Structures are given as C-alpha cells and as structure tokens.
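In what follows, chain A forms one complex with chain B and a second complex with chain C.
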Partner chain A sequence: MSEREELPYKISMLGPTRVGKTSIVASMLHGGEQMLIGSSVTMSAGDPRTERLIALTVQGLQGALKAGAFQPESLRQTNEPQHFTLLLDSGVPGAAVRFDLLDFPGGWLNPITRPEGREQDWQECLRFIKESSVLIVPVDAGVLMEAALQEYKRAWPAILRIADVVKVAGDWAAGRKVAGEDEPALLVYCPVKCESYFDDNGGRIDRSEELFRRFHDEYGEVIDRVRREYGGVDQLYCPVDTIGCVELRSAEWIPAGVDEGSWRFAPTFQLRPEALNGNATLAPKGVDDVLAALCRHLMEARQAAEKLSAEGADSAHDQARELADRSEGIFRDLVLWLTRERARRHQAEWEAGARAKEVRGRVDALDKVVRDIADRPLGHRARGL
Partner chain B sequence: MTDVQRRIDALLRARGTQLPAVRVELARWSNVQAELDQLASALDALRNHPKTPDDARAGLVLEQAAELRAAAAGLVEACRVVETRFLRPTINLGVSGVARVGKSTLLQRLTGLGEDQIPTGSGIPVTAVRSRIFHSTVHRRAVIRLHTEQSFLDEVVGPFHDQLGLTARPATVEEFRNWTYTEPSATADPRPGEVEHARRLLSMQRSLDSYAGDLVGGERVIDDLTRLRPWVAYPTNEELNAGQPAARRYLAVREVRIDTEFPRTAVAQLGIVDLPGLGEIDPKAEEQHVAGLRNEVDAVLVVKRPIEGMAFWGDKDVKALGLIDQARGRIRDRRDFVALVVNRAATDLPELVANLTDDIRRQVNAGVDGRFLTVYSADAASTEEVLDGLLEPFLDALAGRLPVMDRQVLDGLEEEATALAARINAALGDIRSALQQLQRSTVAPAENLDQRVDRLRKHMASDLGAYRDELTRLVEGEQDDKDFVVAVEAGYQDIVDWVEGGFDEGHDEWCQEAVLSMADKRNAAPYAVDQLNRIRVEVGRRFGTLDDFFTRRLDAVWGRLVEILRKSSGDLLDGLDGRAGLEGLAALLEEGSEPCPALSQAVADVLDIRLDYRTLLYPRVRGRLIDLLNFEVRNPETGVPKPQITVATTAQGAEILYIFVTGRAHQAAHMIRNALLQETVTPTLVVQAFVEQFDDAFIRSRDSERDFRRLARSYRDRIWPGVYEGIELDDARVARVRRAVRAVDARINEVGTAEGS
Partner chain C sequence: MPTYVETRGSGLPDDYKFLGGGPARAWWYQDYRDQTTFDHPTVLVERDALGWRLYVGAIPSGRHDPTGSTNRITVVAEGAQDGDDVDREALVRLVEVWLADVAEQREQGRARRALDEVFTADVVDRLYTDDGPADVVRARLREACERLGGPVRHPQAADLPGSWIAPVRGRSGRTAFVARVRALLNGESSGSAIFVNLVDRADVFAREPDDPPLAVLVTDPGETLELDPLPLPTRARPPKKAQGPITPMSVPPGRRRTRTLVALVLLALVIGLVWLLAPEAPGTGLAPTPPVPARTN
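Presenting the complex of A and B:
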C-alpha cells in the first residue's frame, strides 16, 4: 500500500523486448495531459525515475525523427524490469490515482532465457503481475503485417513469445478469479507501430482489418485461454500509434541465431511527407482508448467495492474487509482507499472554511475526471474481444 | 472510239478476268514441286529403313523424280509468262532486225521521237540501249533504270569475261578498273569474236570514269527528252577518233522506258519495244532477245532492207525467225505473232527490192504471198507509209487475232499441265503398288500390343500422378518457393542499390537538377511528378528480371514431364529434353500413321504455358504502385486531391524532395517485394494447374486410350525396340510416304485450271 495513500492501480505490461512498451507509457502520459487540459486534475510522472525514463524515450524519438528515417532497434532499450508511475492527481493529498506500470524484459518470461541470478527479481515481477488487475499486451504490428513468407509467419510465436504470453496471461486470469467473481479485470492488447495500417492519423492506406485478422489468428490462443480461466476478464483490442508522424519505409527479416527458422524483424520508419518540412511532432493515436478502458475498469471496480463496503452497514463493511484481506488486487486497494476517502470527506465536513470546500471540490473533480474519461466512447480502432 | 480500240479494250478486260485462274495454277504447280520433294524424301527414308525388306526396296522410289520436278518448274515458269502477259495494261509490239535495216528510223516514225531518243546512223551502230516506248497523252519523259556496281559487274562485265574464257571476274569496280586485259594477238590465232569482245571490254574499262558515277541503282527521271542521247547512244565515229576515251554512260543503264504521245495510233494502250539487235556483239544478245519476246511483246515486226548485201532471205534471218518461234510458244499460227516489214525507200534500186521480195516469197512463204508470214512494205522514213501502210493494218489484224492467241496460250498451259499430271499419276501408281508389295512382305502386328499399350499408359499415369501429388503437397504445405524468393530479393536489392546510388545520378547531381528544374518551372511539382513516374517505371522494370526465374521454372516443368514420358516410351524421346522434348513428341504425334488429336492437344496446351511477371504478377501490384507513386493523393476523408508534398524551390527544398522521393522509392520496392512474396505460392499453383490439366488430358481424356493405341502402332519398334520384328504398315515412315502420295495426288487432281476457272 502506498505511503502517499493514493489509489495504486497496478498494470503489468507483457510483451517482448523492443516492442515499444516505454513508448506506450509515454503516450499514456501525453494522452492524459491532453485530455485533462482545462480541468483541475493533472496527469504526471509519478516519480523522478519515471519522469527521467519518459524524457529519455521522448528525446530518443525526437532525435530519430530529426534524422528523417530510423530503425526502432537503434533506440534506447533495456533488459531490466522497469517500474513506471503515472499520477492522476487532484492535488489533495491522498486523492489521486496512481498508475503503477511494470515493464519487465520479455526474455524473463521463459526460464530458459531468464538470466541466472535474477530469480528474486522475477519473483517480485510475478507478485506484481499477480496484484495487477490490468494486463497490457503490446504487439508489434509490423511483425504481423510485414511477414510475407510462410517461414516468417512460422517465426511469429517465437518473436511474439506467444506461449509465454498464454501462460502468464492464463495464470493472471486464474488469479483474478480467485480474487472474486465480481472483481473486474482488464486485458488490453495493444498493437503498436500501427501508423502504416490505419488511415486516420496521416496514413493513406487502411489495412486495419488485415491487422485485426492477423492479430486474432495469432493471439486467439491467448484470448481463449484467458476466457477459459476467468470469464470476468474484459479483453480489449486497442491499436496504438505511439509516434504518429511516421510510416514504414521497409522491413527486413534477419536470421537470428543459429536456429533455422529463427528471425529478427528489423523495420525502418521514415517521416511522413507533411512532416519533412520541419513539422515532425509526435501525434500518438489510440492511447485515449487505453486510458478510457483503464478508467472504465477503475469505475467498475470502485462501484463493486462501494457496494461491498457501503457506509454504515457493518456486515457489509466486514464483508468488504474480508474480501480486501483475501484479495491481492484492486479490491483491497480500493476498499482501503475508499475508507480513507470517506474519512477525508467526513473531516472536511467538520472543518469549516474555504480549505474544506476546496478539498471537497478537488476530490469530486478527480471523481468526475475518472468518470468522464470512463464514459468516453471507444474510438473506431478499439474492439472488444 | 475506233473498232480496233473497242476490240483491244475488250481483250484487256478479258485478260484481267483470267488472271486469278492463272495465279491458282501458278500456286498449284509451285506446291507440286515442293510436294514432289517431300515424297522423294519420304521414299528415301522408307527405302533406307533397316527393316524394309530388300525385295521391296527397289519399288520405293519416285521414278524420274528430277524430270518431273523440272517439268513442274517449267510449268511454273510458263504460268509466270502467262501471268505477265495478262498483267500488261498495254498491247506491246516488238520491233526486231539486224543493224542498218532502218529499225530506228521506223521506231522514230511510229513513236514521233527523234535522234536524241532513238539515234540513227548509216555507219557504225548507234543505238546502245533499247527503249520501251509507250503512248501517253499525260507524260513526256524517260525513266532510266540504272545498274548498281554489282549488277554492272554481273550482267555487263561478267558475260564478256565468260566469252573470253577468263575464269576470274572483278569483284569491285576498282578491280575492274585495274584489271589487266591483254590485246588479242594475231600470232595467237584468236577465236571467232575474241578480238571484238576484248576490244569492247577494253573500251568499257577505259571509259569507266564516264559512267562509274552512275552505277548507283534506282531510277532517274529525265523530263527533257533532248538530253536522253548520252544514255542510249554509242559514241560517234568522231568521238571514237578524238584520242580520248569516249564517254559511255549507256553502260550504266539497265533499261529505258519512254512515255510520249505517238503521232497517230488506233490503240491508246500501245507500247513499242525496241528488241535487242540480232547478230550484235553483246554476248547475251540472243538470250535477251528471246526473253524480251517471251515476256514483253504480243507481236513482232521484223524489219528487212533491200540494199546491197542484204536483199535476200539468209541464214541470219532463218535463225532470227527460229528465236522468235521459241518465244511464240503455244501460239499456233506464226502469222499471228510475227510479220515482216520490207523497208523500201524510193531511192532503193528496184532490182534489189524485187530480189528481196521474191526471195521472201520463195523461201518464207513457199511461193505464195502471205502463206506463212504477212509481209508489209513501207518506207520507214515516211510517216504516212509507216502509219497507214503498216501500223494501222497490223493493229487491225492483231485486234482480231489476239483473243485467239490468248486462248491458245491458255490451252497450251492446260495441255502441258494435263500431260504432266498424267506422268505424275503414273509415278504415284507405281509407288502405291510398291506399298502393297511391302504390305505382303511384312509381318502382322503382334497380338499383345494392346496389353503393352495399356501397361505403358498405366506407368505414365502413375508417374504423372506422383508428380501431381508432389506439386499438391508443395501448394497445400504453403512452402515458400525458395528460388522465387531469391529472384524477388535480387530484384528488390537491385532497386535499393539504384535508389541509394541516387537514381543513377548521385545525390548531388539529382538535387542540382531538381533546383534547375524548379527554377525553370517556378514550381517543384513537375520535377517531383517526373521523378515519381520514373521510379514507377523503373521499379516495374527491375522486377521484370523475375522472367528469368519463370523461364527456368517452365524449363524444369517441361523437363520433368519429358523425363516421365521418356521413362515408358523406349527410345522415342531419346536425346530430347525440356521444351524440345515436348516439341519432339508433338512432331511424332503429328507424323504418326494415324492422328492422335487428344494427345497432340494435351502436349500443345502444356507447351503453351506462359509465366511472366507482366501478365502473372504485375496486375496484382500495379494498383499499389500507382497509389504510392502518384504525386497527388486523395484525402481519405474528403476525397479531395492534394500534392503529397510541397517544398520551396530552393536547394533546401530539393534536399527535402530527394528525401521524399527516395523514401517513396524504398516504400514502393518494399511494398512490391512483399506483395510478390505473398504470391510465392502462385507460380507453383499455376504449374500445378497445368500439370493436372496435362495429366487429365493426356491420360484420362475420352480419347486418350484410343490415341495411345494409335501412337503405339506408329512407333511400336521404337517404344519396344527388339520386341517386334519386321516393319509394319502402320509405321510412321510408311505413313509419311502415304501422306506424301496423297498430297501430290490431291494437288495435281485439284479441280480448277486456267481453262476451267
């Protein structure tokens, strides 16, 4: 439980290295900032480390854009687990939602490729995943769309780590079920680097149906496994442009390692024509849907938790506490957070003056922002699964 | 219009309507020549076949093959002569006679021409080039056809060398100029004519500079006929004695056609042909004389002159008449084709006139005027006498007799054709008898042939089925076609290298050119449009190298099919592979004793497969290529076209344009590469479809079984060598002879001759 008493909202990101997970986080921050312009609520990096990581990522991207063309694999990469924190903040201490995101190296999913001596770190990752009520699975859209040969397609499971994703996502879904039939869970599949496959963000060719078909063919096993483990998981398909002003130039498939059929995907991107005249600005797309899904999930969880811990109902309160104790996920955090929120409201009612009014206003504003974002209809890119 | 004119008009119309039938005959006998050759060749093959019984060999020959063929060639030539006759738009009169009989004077009076066109003289010969002169109220001009250097050497110089017994000939005009000719020596006892020929050749050589520049071929039109003389006349005596080599431009002339209005003629379509003089020194004079008579004239006037030394009918006259008879051909009455003209001047001695007239009556007409030849008497120097006393009565007679002559020519042709057909029929009868003899002396087909054919067909079916299954596995297994991938990647890499090398120009030069263009047009768009178009063309062209892959793939497929077929077909396809193997099979099927249409069609179809980038793949990628490389694009939401990029017309703008264009080129190459690679199964699919089609048509079609039996009967000994002894009548060689006999038979007995049509 956070010392700062914000509501911790744990999100695990599950995907291979280099797929662009940090870029998703950066885009979420950018998207959140844009959405909240004009409100008293802000979205920001929750800690200096996150702020630095995101700044480095954005700086790297902007450098690449200046060059006109770039290969994503040349951008900064890490093989260490990364914790990101984004804060949806009302400004009132404790009245904030803290998005805790864990990005761990894809290779760690497999005991064979997991580096030796990092067992403890992996256990911590597993604990975090278990406590996460949201799983984000980034998918490299180029890998799916630029595989022209059968042997490239046959390399998909290895490149996308499908077997590992099936196992981890399946275990995570099973864990949600244990938490309780009513606890909402969300799994968001995020195809990234989609700039060349949609025509709604500067692109001219719409290949979105083909992308979805290929995604569904390849991730169908994950979707089915999760559904079988826990039908309460809301599975969502949200393709994202994390840069926006680029398009695919070409892509090579390079033999990787000594194993036959082992390939590395190496795309090259270039600026769109309209960005060549010095107008290269980041224009992410689709991340709004991810944020909306997260907020919707949060609202649903909150409603469920509130029902269980209704004020003045001792038995219900006890029931909620019991569930919170049992739960390792959002319910526990929500119940505790709601309890403290009520306390703050009570205190504000007893306190007189402008300060109390402002506190109430900000708490309500956060509430409203989350609700507003949750109520936004999903864009045309997103699909329920 | 005169009566004569009406009759000539009718005659020329009739000739036009008879022309198609003559041409049919011409084609027929040309074909007979070729078909006789094929028959002789087929007989040779059968006669020399090791299994042909010895006692049957003697009959397997086309008796008098060379003579029959030569006769057919003669008939073709005769048809050509008739065709030429019927093609002529004019009635042509030939004028013949030895030197100094007044022939040129007569021609002048007939045509109204003068000394500059038809020179005359009382001494040495003056007319060097014979003209063909046509009555025309439209033109007055001469058209001179010139020798080339080669035709001059072949047709003018060469015959003199032959006459002089010189085995070598000059190959170039310069060689002729420097050729060393020796003057005939009295001590060497020259042959008759040797001195004259040598002198002529030497004078031609010495005068070379005067005409070498005219040996250019083609035609030269001379509108001013007063300038014609140097082209048609020998040098005068004065010119010859002037000490310098005399000019001899006439040596460069092949022939002259003069159009001019005749003083008076009853026939508008009249031509006068000055025939080469008989007894002239020119080595080819007689040959040219007969050829001219045969091809160019409808009738001939032979001029005689009652002067001292010539006032009698001598050997030269007999010989000349003999040559004219050669050319007369099938025209039965000599009087229709030739007439004598006694050129009688007022100054001629009456006794000489009487001598000549009497001698002609005695020797030519057996004592009765006009019995064998009509004789006209006129003073060639008198226009009235020539026109009234000679031309008009002669044309009048000719108008009446030409239809008869044409009929006789056609009848002659038909008789000749009928006679030759009878000779060929007789020869064919002999060959048929020989084939019957062959049949009696050969063994009957073995009874187990049918079972062998069934087994052969089943083996082929099994092997073809295995190949089909192999291809099906490739298609269903969705295996990448590695050769295709390599070919596509090579094309892609070629484009990438081209783009990265700055489109053949290099980055700097490209940008400089862009700046210049933009400054010129005050706009970046035209240059960008040009460059995008260029990329579109180049990308398409460079992937066109995939055709090499398709060629190899097809060769492999055909090779595999031949391998399968060869396995079960004895030595039938030995030494043949790939496409050549299937073509060989097609030829065998064609030449077999019985037709095998189902198998032939199956082979023809599989040979007709076409795999190439332009037809198979380009249509699939064209749309994407155009979309990507169009300078203007449509806004997906509004549909409004707009330029993909706008840049300043500066060096910086050119740099941005370069980045844009290279980016688009890379994208186009990548997009097409991916589109092609996604089609990787397509070449295999096409091949699979064709092999399945071949298998179905070759093995399982309704008539396949029947055709296999026919094939086996034709090539039994080659499919199962050593199994069967003797030669069977169904053997392809026998079949080839039978086919050739049938072809000749059908051709010579075709309905429709010049007479009948």
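Presenting the complex of A and C:
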C-alpha cells in the first residue's frame, strides 16, 4: 500500500442506453473542485488513465457547445464497459478514499439487446454491481416530462428499462444487507437533462414538482423493492443538469418497430440565447448533491474502517507492551537480556505505540471531516426518499 | 476470413452491435481495456499460436442518431494461423488510411467516406434490424476497403525490429506500424501492434526479454514523445530468490543460534563460578568438602 493509504469502494451506474451516464461522471469530476469548496475534501482522477478518459469526455461535452451552437455529434455513446478510478482526498494524510466507477452500455441491461459473446463481460459487470457501495440510477427527465399522451406514458417502462432496474437494484440491496451495517449503502436517482425543468440554472420555468411526481410514480416500484430488501439503504433523489446552457428545442415521439404502443423519444436541444451571444461553457448543476452524498457515505465508511483499524492498533500495542515488560524468571530474563531479545521487544512496543497514535490521530481528523460534510445541507433540488 | 462490422442504427435506443453477429470473444475488451477507450480511435492487431486478430475502432460515420450524435463503425477480423485469406491487404490499407485520418485530424476522413458510401443509413438500419446476413456485411466491408485504393508502398516502409513506441502524428512511426501490421497478418511476425488512446508513457509498455515484439502508437496529446519511434524499455526480471531486507528487528537465524550458544556457555561459566565461590551454608551441602586428613596406623 502506498504512503497515502486508500481503501477501494465500488460505484455502479445503472440506466438505459443514451441516458447520459458518462456525462454524469464527467460533470462530477469537471465540477468536483468547485463543489467541495469549503471542505477539506477534494476529488480527482485516481490514475493517469482515468485523467485522460475524463479529459476526452469533457472535451466531447465542450465540443458539443462549440461555435455558438449545440452540436451533439461530439457526444459519444459507450459501446464497451468503462472503468473510472477516482480519488476522494479527505485532506487527512493517509486517509484518501479510492473508488472505482463502472459505466456499462445501457443496452446490456436487456438480455435481448445484449450482444452475443458478451455474457462473461456482463457477469463481470453484475459482480461489480453487487459489490458496489453506491448505485447511481440516471433517469431521462425528458422521457418523463414530455410524454403528453397516455400512449407515450405507457412506453415508459420499456424506454426506462424499469423492470431491469428493479431487479438489479433489488439484488444489489439484498447484497448490501449481507455486507452489513458497517458497509455504505447509497442509491442515488439522478434525473438528467433537467435544464428545461428548473429555473435555478438559466431556465425560465420551474417544473421541478411535476418532475418529482412523475419520477416517483414511475420509480416508486424500484424505491419500494430496495426498501423491502434492505432498509439500511439511503435513497436520494438528485436531479442534475450536465451541460447547463441548453434548452429543449423539440420532443418528438416516433413509433418504434411494428409493436403497437412502442415509441422512441427523440429530443433535440439548442443553446440558450445568452449562451449564443457569448462563449457557451459547461455549467453543470445538481451534481454537487450527488458528490456531497458520495462524500458523506464514503468518508463515514472510511472513518468506520479507521476506527476498527485503531482498535486493532491499540490491541497490538497492548500485547507488545505486555510482552516487553513480562518477567520470565531470572535465568530466562538473563538469556533475553544477553540475546538482546528484550531490547527488540521494547523496540517493537515503541513502534506499535507510534502506529496506534498515528491511527488514532487519523480517526480524530476524519471525525472532523465527516462532521463538516454532514453539516453541509443538500441543495434545494435534492430530496431524501 | 471472418470479418465483423459493429455500428448502430438511427433509432435512439439502438446500442452498438455487430451487424449479422460478432466474434465469439471480445478479446479487445478483455486484453486492452486499461490502455484504450473504445469510444475513441483504436487499432489492435495481434498474432500468436492461435492465429491473428484485428480491431479497428471508432471510425466516425456520416450517420447520426435522432439527437445528432455521430454513429461510429468498428471493424473486427480474425484468421487462423495458416489461413489463406485474400482480404488481408485490404485490412492493412484500412489501418493505414484510418491512422492517417486520425493523425491529420480529418473530420471527413477517407476511411469514413469509403465506409459511408457502402454502409449508408438505409443499409445499416436494414442490417441492424434484420441482424444480418453476415455475408452481406462482409461483402460490403470488402467493397469499402476496395474504395480505399491500393496499398501505398513508401520507399522507407520497412518495419522496425523489436518493440518500440511512437506518437501517431509522426509519419515514420505510422509507416513502421503499418509495415508491422502487414507482417503480423501475413504471418511474417508474431506479437502485436497497437494504437491506444489512454496511456502514452513508454514504461507502461516495458517488455521482458522473452516477450513477443510490440509496436505501439499513442495519441500523446502533450507531445512529450519524439516523432521517431523509440525502443520500449526492457523490464529486468526479479531475482528468483528475493532476499528480504535485514532490519534491526530481524537477525538471521544462523547468527541467532551462535549468539544463543555463546550466551549459554557464558551462563554456565557464571553459574560454575558462583557455585565455587559461594560460602558454605549449613545443611546445604553446597560448600566443598574439606580434605580428609590421612590416617596413620
């Protein structure tokens, strides 16, 4: 382990294809520095590979805004599972939290659209999801909000892959129950592409209540299933804008295939007038709530692990002290002295003491970080479920 | 020769998939996912005892989904060790043209144009929906590769020996890379030739002396590499018996035994001296017995 000890956690994204999973990750990192201002916590790419991956994704998002127009051809759809390694640095030496985030092609959720020959890779994804401490479920806000007709609403389960989400999230929650109370268990529902439904990031109309109501009507089944499986899962609702300066231009519903009642949702976006005049820049919103929730859970988990580690270090110190001071009879004591074994035992006791003191110091410092984060209120967009 | 084309249709929920079926194993993902993201230009070619494999990925097309996002094309081909395949030179040509498009940052590159002319939106939507047939997909891929023209034989188009790394923007590296790809597909060389986009430090690709040769092209956005190929570093094998560091806390067992023996001998001497010099205690019988005077008759 390196000088800065890191405990790995896993985070999975669970949502249908083209919903904007990769954009959420990019926004988390792109805006991560600003979001955690005021706390000692910082987030960064955990390795050069992830750094490059994030740079490419942000470049794609920025490319979509170039030349005063919104050009979505730069946005790339994931065609293979993608692993990101991120680092939450608590500011406490030796207490960083490393987490691996998996983003997989949304179509893999559906056994019918899952490509042939990828069963082994899908099983690997499922294992990763099962071991994840945090599950992020992106939700296409446009699909929920732009369904003016009942027949469009009837297409929601198929478009949003509700049955698949219920199953995978339910299995995940059951796994968290087995993992125990000390393990973090956080499920964040992230309605994405919310730019046209909030008035706090350049939008003109506030339809946030309607969005929440529609979300709850459709995802209530997921929320209930997770709660039934394990009441210890913290479920949050955090709507996000990943781009910020765009507005829904049109929302078209296209008949999909020959099946009656099968529809595709085809939205198009445009830059807001104020962005057209100046330099359009990414202005994500709401991702700070996702980050704050992540921070709180992972830092608490890290703190719990450190407390266990501190107890272990104290116990090791006690044992070393007892061994160093123990009298074993005059002849045996003489042998211990002559062979320098006694000196070695005292040295070991001193080292165990120093280690225990270091871990205790880390626990105390982490206590403060966790309290600071817990004291920060969630934004007005976020809600507990 | 099995060749496969992966792309998606124009419908929004369409995921990427191989038209008419794909390879049995996604070897590119299993083996190279830490070095490249497949959403961005990637070329992977390898040959071993099982045969050869080629992956040419993330070629943009002129087709879009309803939101305007560009649909990409990936070509995968595989062949047996001694297969007699006539299309290998066409694949080399595809690699050559695609790398030049990437290096010169052509938005409407030649690879894209050739594939677009054959895999039109209507054709792709039909093949995507009907899931094939594979023969039609292969025939169309062959036609697209033919549109790329014949191979360009650079006067200096010689492969460089061994393992090396170069940025894709350098012509000499690209030329040597294409020569290596040709040698791999034709069975004149084994090992791999890869163009990846997430890592570009030479030490990441360090080789052991017995490793098969590896030619690496990287994106190198920071332009830290020289234009011409550089040999990859060789990783020294760890010694067979790694000896742990000797700390003050760990004394070698042999020396510990010697110390213990010396201590025991000293202890015995001390006990002997104490026994000899100690005053006689009554009733203990520990004091030496006084000499008995000689008896005379």
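Descriptive notes on the structure:
The rule is simple: the second predicted complex is superposed on the first by the 275 of 385 C-alpha atoms of A that agree within 3 Å, B and C clash if a C-alpha of one lies under 4 Å from a C-alpha of the other, contacts with A are read in each partner's own complex, and residues count from 1 in each chain.
Keep in mind that, in the parts below, contacts are C-beta pairs under 8 Å (C-beta built on N, C-alpha and C of every residue); 3 or more make two chains touch, one makes a residue touch a chain.
Fair warning: this is a prediction, and the values are worked out from it, not measured in the lab.
Contact with chain C, but none with chain B, is seen for A:106 once the two complexes are overlaid on the shared chain. Of the two partner chains placed by the overlay, neither chain B nor chain C lies in contact with A:201. Of the two partner chains, chain C is the only one touched by A:118; chain B is not. Ranking chain B and chain C by residues of chain A touched puts C first.
After overlaying the two complexes on the shared chain, residue contacts for A:17 are found with chain C alone; chain B is out of touch.
When the two structures are aligned on the shared chain, A:48 is found in touch with chain C, with no touch to chain B. Shared-chain residue A:266: touches chain C; no touch with chain B. Of the residues of chain A, those at positions 268 touch chain B in one of the two structures and chain C in the other.
Note for the complex: chain A touches chain C at residues 16-18, 48-49, 52-53, 56, 71-83, 105-108, 113, 115-118, 120-121, 159, 252, 254, 256, 264-269, 331, 334-335, 338-340, 344, 347-348.
Interface of chain A with chain B (complex): residues 68-69, 146, 148-151, 199, 204-206, 247-251, 268, 270-271, 273-274, 276-277.
Chain B makes touch with chain A in their complex at residues 478-480, 485, 496, 627, 633, 636, 644-647, 656, 659-660, 663, 666-667, 669-670, 673-678, 680. Contact residues on chain C toward chain A in their complex (touch as defined above): 6, 8, 11-18, 21-26, 29-30, 33-35, 37-40, 64-70, 72, 74, 197-199, 201, 248-249, 256, 259-260, 263-264, 266-267.
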